[in-house]
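Structures are listed in the sections that come next.
Across the two complexes that follow, chain A remains constant while its partner is chain B and subsequently chain C.
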Partner chain A sequence: MNMPETLKRFEEALEHRPGELVEARQNGKKVVGVFCCYTPLEIIHSLGLIPLKLGWGGDDELAEQGIEYITNIQCPYVRQTIGVFKEGKNPYAVNTDVITISAVCLQEYRMVEVLRYYFGKETLTLSVPKNYYLPEGKEFFEKEVEGFTAELEKIAGRKLDPDLLRASVDLYADIRNNTAEIYDYLALDYSPITWKQVITVIHAGFYLSPEKHLSLLKELNSELKTIQMSEKVRPINSVRLMISGSIIAPGNTKIIDVLEELGVTVVADDICSGQRTFAGFTVKEPTLAGLAEAYLDRIPCAAQLYPDQKTDKRLENIFRQIKDHRADGVLYHTLRFCDPYTFRVQENKELLDAKDIPFLQLHTDYGANDIGQLHTRIQAQMEIIKRRKKEVHHARSQKAV
Partner chain B sequence: MPDHKKQYKDKVLTKAYEDFVNENKEYLEKARNIFLKEKGLTFRDGTYLSPEYIWDWIFVKDAPEKYPNIFIGFQGYDLESPSVVKFIYLYYSFYDRLIAASDNGVLIVNRKETIPDMFYALGSIPIRGGAGAALRHQSLSVVPDNFEACGAGSAWAWKDNRIPFGAQVVPTGVHCYDTPNNALAVHRAGKVDIPIFYLDNPIGSGDAEWAIDYRVKTLRRAAEEIAKLNGATVDDERLRREIIIGNKVRKAVWRIYEVQAESDQPPFTAHEFETIIHAGHNWAGEPEAFQEVLEGIAVEAKERQSHKVHGTVNHKNPVRIFVGGACTHFRPLIGHTSGAVPVGVEWFLVPSHGSLNEEGDPFRALVEGLPLKSLTVPLEEHADWIVDRIKESRAEGFIYGYKWGCNFASSAALVISDVVKKKTGIPTLIMETDFIAKQANESGGGLTRVEAFIEILKQNKRLKGGVPEKRHIKKPNYNSAHVVVE
Partner chain C sequence: MGQKSEGTFYFAGVDIGSNSAKSVILKDEQIIGQAIVPTKADVEKSGKAALFAALESAGISAEDLSYTVATGYGRISASYADEVITEITCHAKGAHYFFPNATAIIDIGGQDSKAIKLDHHGNVADFVMNDKCAAGTGKFLEVIARALEVSIDDLSLKTLAGDFACPINSTCAIFAESEVISLLASGEKEANIVKGLHYAVAKRVSTLFSRIGSKDGEKVFTGGVAKNAGLRSALEEVLGTTLLVSLVDPQLNGAVGAAILARTNKLEELEYEHA
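Moving on to the complex of A and B:
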């Protein structure tokens, strides 16, 4: 399919971004790197700091370099991110003044400690309660966000302005709404944009200024409206999969490349670097308390321990998307040594099996040695789904006759 | 109820018992004569066990029949120390007493790294899941080997109903991810329908007032839930009394460490030392009896020390090793034949580092005395805690261990070893071991690496000559009213 024209504008904006960061820093601006997704970006932005979402994937060589500072039983995402800092070439890593971590994933938290010790980076932690669903958990996080903000104020050299915070909240809400609109195209029979492109657009927001990101998202939305009905991009009987599981960080195209090669259409995800960057998120009031509530109440990462399976929002999100986006099956992607998601494999499989939804777990890293195996396993799963679709179609036809 | 006896009978090693008894007839007879002159043990419910009963349980009746594999490590115990014999009873009979208590309606709680005080105050018995040494000795840990998490054993033993847990109270964010997840997986899979409570210690939250408040509220909530399950009430006064007993236990554990660390010829063998201080995690189901036994061991060890009697089979001038890391030990490797002796084990010592506040809100006292504190602070501070112990114990080598699959402890390995090297100048070794593949620690590659490391340390010692100069041992903040050894 043809690439929407606006995507080229995203590429151009990203090409210019490192230069902009260098210039901004020369003019005294501070760049705040953000790991994990429970840090309210609105606060960083409203304080005049530049937020960058950090973390990289897909490069086995860099992941190997990380082992110099951490063991090989860390997930490849953590190892590669350390490798990126070690290599010292990535413009976003190089131009980060302060690293912040919302401590949800223990490995990622430790990674930040390693970056502090070996690379002398200033770090700031936002603690996130595991008992996030209890009143005392919510109260703790509200206080934690206040404390975190006080530290950011020191870095920014100024106090938080409620009006500026409100403006930042509105800006990020606009970004989430526009991203959601783009993402929703994936539910259609004929989407003018692929999942891989949607993810690229989301990841662009990790680096671009939110103002620029929003303007490009709006532009893309306008363009998609014009091409939505005119270009049919895939056969109606193609396999529609949802991707669930571990982070698929910028640069990690391993699985999606295999899927594209095999003609699989990804119609949804619940990845923290994908759908969960914008979904299930409402800031009820533009204050620190409002932000704390919204971020804590978002669709949780599997690293957040929630005892009751029946009311687990993460599972609800998976099933809702399977229904809304009419996914034929779930591809559950786990990175090696990513415990939070690997521990949930059996549960996810059993729940999906009970609803007769095909489930395939792919446990992998950034190396190329299992590409053939992934290819074969996905192909086999596709065959199963195709046969099942054919049988359903046949049964419906018979019924109609 | 499962047939607990049948489960461990499958894996026993009866030969270990026969070998030990046959090879040590005279020694055992001498030790027995010493022991029978002692008083026995009194339990919390008033039960008195005579020395004859205790000796027979270990050497004649129960242990040889049920747990003969424990005799593999018996050469490391000084059986002429009566308190050590009592300790052996408390330690290895824990499982039997646990099952009996459960049959009598006592709630057994899988507690992981929380402090035991609260659970005893609520009339329940806590087990440190995944690390219950007595359980491991009885080969009860059942772990999956098909995914990349450490074998946090007892969650899986619990899943298979081998330990009659009635509740899980699992701290989160302290340092371990695998146990909370194991617990959740088992709970949500509905394998056993018992409640789970997470005691949250948000990582990186430090000692901020709001963080302390949150932990206190979380702990109190869990106590109330446990109380409901156990038909008990949350009684602050009773908890304070339990904290006082706990403080005595913690002080006794630390005293045993001090005796080992300050001695030119450490009196405990690796097996004895590590097993005793490790038991400081669970208190063997009987806090008062356990306290009394540990205090006795400290006194008897001090006597051994004053007579320059070193551990039963230690070398005359062993190299001194400090062990860091989580959920790991090296007693099978730093054995009595290796010429090395552990002078401290971080994982076993941290829970006993200092007293809890005995006044005011007891839940706050429990929170502020959080065990494994060294693992929750920033890495550099954690490393400094180890550096302090290394210096005061005059360790000549440092081994940092972690379990395969333990992302959190493993991720600290390089930083901590680097800090130790920089600040102490001693050689360091990072060892990855495994709950599952026991042979990985105890033979082959693991053994070779530790032996080579010990050889380096011996060589260094020969070059430097003699025992390292004595250092002042920093006293943690203990209640001075709790006299252990004067």
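Moving on to the complex of A and C:
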């Protein structure tokens, strides 16, 4: 399959980005590294600070390096991210002045503490309430965002300007809408862009300036509209899967590589580093209170509790995507020691089983020694799905006769 | 297409495991040849060796085969096969061949253990496999047998002589090995330790089984470890159910399933060509 031309433009922009950051810092600009997805990027941007979304995966050696600061029974994403700071080569880690975390996952929170204690990084915490669905939780978070903004104002050396905030809110809304438009192609029988490419485009936004990211997203969208996919008969043995579960951070291509090798088409995801970066999100008013409300109300991380299965937005999002993107099954990826996602495996499985949607859990880390086992599991799941599709196809053609 | 005499078709299944390569030859639906050979460093050669040994025992040659399916971890290097299918699907078909009413399978092989839930046609409804470590696999028993300086066959026999199952806390093969050594040093009867070890494996495997949620119906025990009577009875006790083991060597179950699928898929292909 041909790669959309615009993807090369994303690559070029990323090549120039580290240099831009160095220059901006020389000119007195501050870079704010962001962990987790409850921090309003709009506030950072409107204060003239440069937001970067940090966190890396897929490198077992770097993950090993993190063990020096936390134990080897911690999540590999957290270990690797510490390893990246220890190594001191990654241009985004190196060029970060202040690190912020919206505290949802305990392990990630500890990681930021390690970066403060052992690497002398200035850090800023935004507490996220567990009772986010109650008025008390919302009120708490609004105050947290206010306090967080006051700290950012000190770093930026200027006060928040309501007009600039409004502009930043519009900019990020535009980015989310354009990303959603690109993501929607995955629902098609023949998408002009693959899931892996969509994720690359999303991850580019972790580092690029939002203005640059938006212009590239728009460019990509206009290109995708012009790509004509050849009309082929859809093979009944093609397998369309949705990926759910733990973070798949930049650099971690382990599972998608196996899936591509086996010919699986990934049609959707609900990963915090994927679809959940833009989905289910509306800022009703361009103020701090409006942002606090929108961020707190986003599709939650599994580390966030929910009071009622029936109103759980995370589950609702999974089911909606299976339907809209016509997924044949769900591949539930859990990183080793990522408890929030791992202890929900059985629940997810039972709920999907009840709707007769094939579910496969893959519990893994960044090491290469279980690639063979992953192959067997995914292939066996594909055999189940293909057989079912064949039966449905057969039953339909019998009816037609 | 290979066919020895008019109207007779031969099919082969080859299951290349981490420990041994197995092959089965079918004449229509009947097993007429079988072989088990150790898996060596060259996986492709090991698979071929099993296939040729099975062909020899069946008294036919490779040219007589209509279709061959390879499975097991060595399936990726099986140039001699017409199709490659995972051991999950093959084990399901194999167990269904021997026990048409089977609803679930426990398979314990050299480096894997798995629980498979079946539908009424021997199709996989659900499956769970062990983590990437040796706990609850044939490897675990091998390590322990070595520590006790007994053969793997004697290990099974020894459980019968035990009066009670000495509790073993480690399911990790490495930790269990040192636990066994210290138990021996403290004077514990060897047979009781072995019995305890079998319970440790049984408990580990039973958690896999509980995850597929199969309640009613016949349960089948397959894989090389199914030949271990001590483990079978420990598993039956832990699971609270009877486990069926085929009279044909249960280690061949995956290869039987592969051969059955070779037959089904070839016949389907012929049907399709005719239509």
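We take it that the second predicted complex is superposed on the first by the 391 of 401 C-alpha atoms of A that agree within 3 Å, B and C clash if a C-alpha of one lies under 4 Å from a C-alpha of the other, contacts with A are read in each partner's own complex, and residues count from 1 in each chain.
Keep this in mind: a residue touches a chain if its C-beta (ideal position, glycine included) is under 8 Å from a C-beta of that chain, and two chains touch if they have at least 3 such contacts.
Predicted model only: the values in this text are computed from it and were never measured.
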Check: With the two structures laid over each other on chain A, which partner does A:Pro307 touch: chain B (first), chain C (second), both, or neither?
Finding: first
Check: A:Tyr117 contacts which: chain B (first), chain C (second), both, neither?
Finding: first
Next item on the list: Identify the partner contact of A:Ile384: answer first if only chain B is touched, second if only chain C is, both if each is, neither if none is.
Entry: second
Checklist line | Winner by number of chain A residues touched, once chain B and chain C are compared | finding: B
Margin query: I'd like to check the shared interface: which positions of chain A are touched by both chain B and chain C across the two complexes?
Written below: 346
Checklist line | List of chain C residues in touch with chain A within their complex | finding: 73, 76, 85-89, 112, 123-127, 129, 131-132, 211
Checklist line | Touch list for chain A against partner chain B, complex | finding: 69-71, 73-75, 78, 101, 103, 106-107, 109-111, 113-114, 117-118, 125-131, 134, 136-137, 139-140, 143-144, 147, 303, 305-307, 309, 336-337, 339-340, 342-347, 350
Notebook entry, point to check: How about chain A: which of its residues touch chain C in the complex?
Noted result: 346, 353, 363, 369-370, 372-373, 375-377, 379-380, 383-384, 387
Next item on the list: Note which residues of chain B are touching chain A in the complex, please.
Entry: 147-149, 172-173, 175, 177-178, 180-182, 184-185, 187-189, 196, 198, 200, 202-205, 208, 210-211, 213-214, 217-218, 221, 378-380, 402, 404-408, 410-415, 418, 430, 432
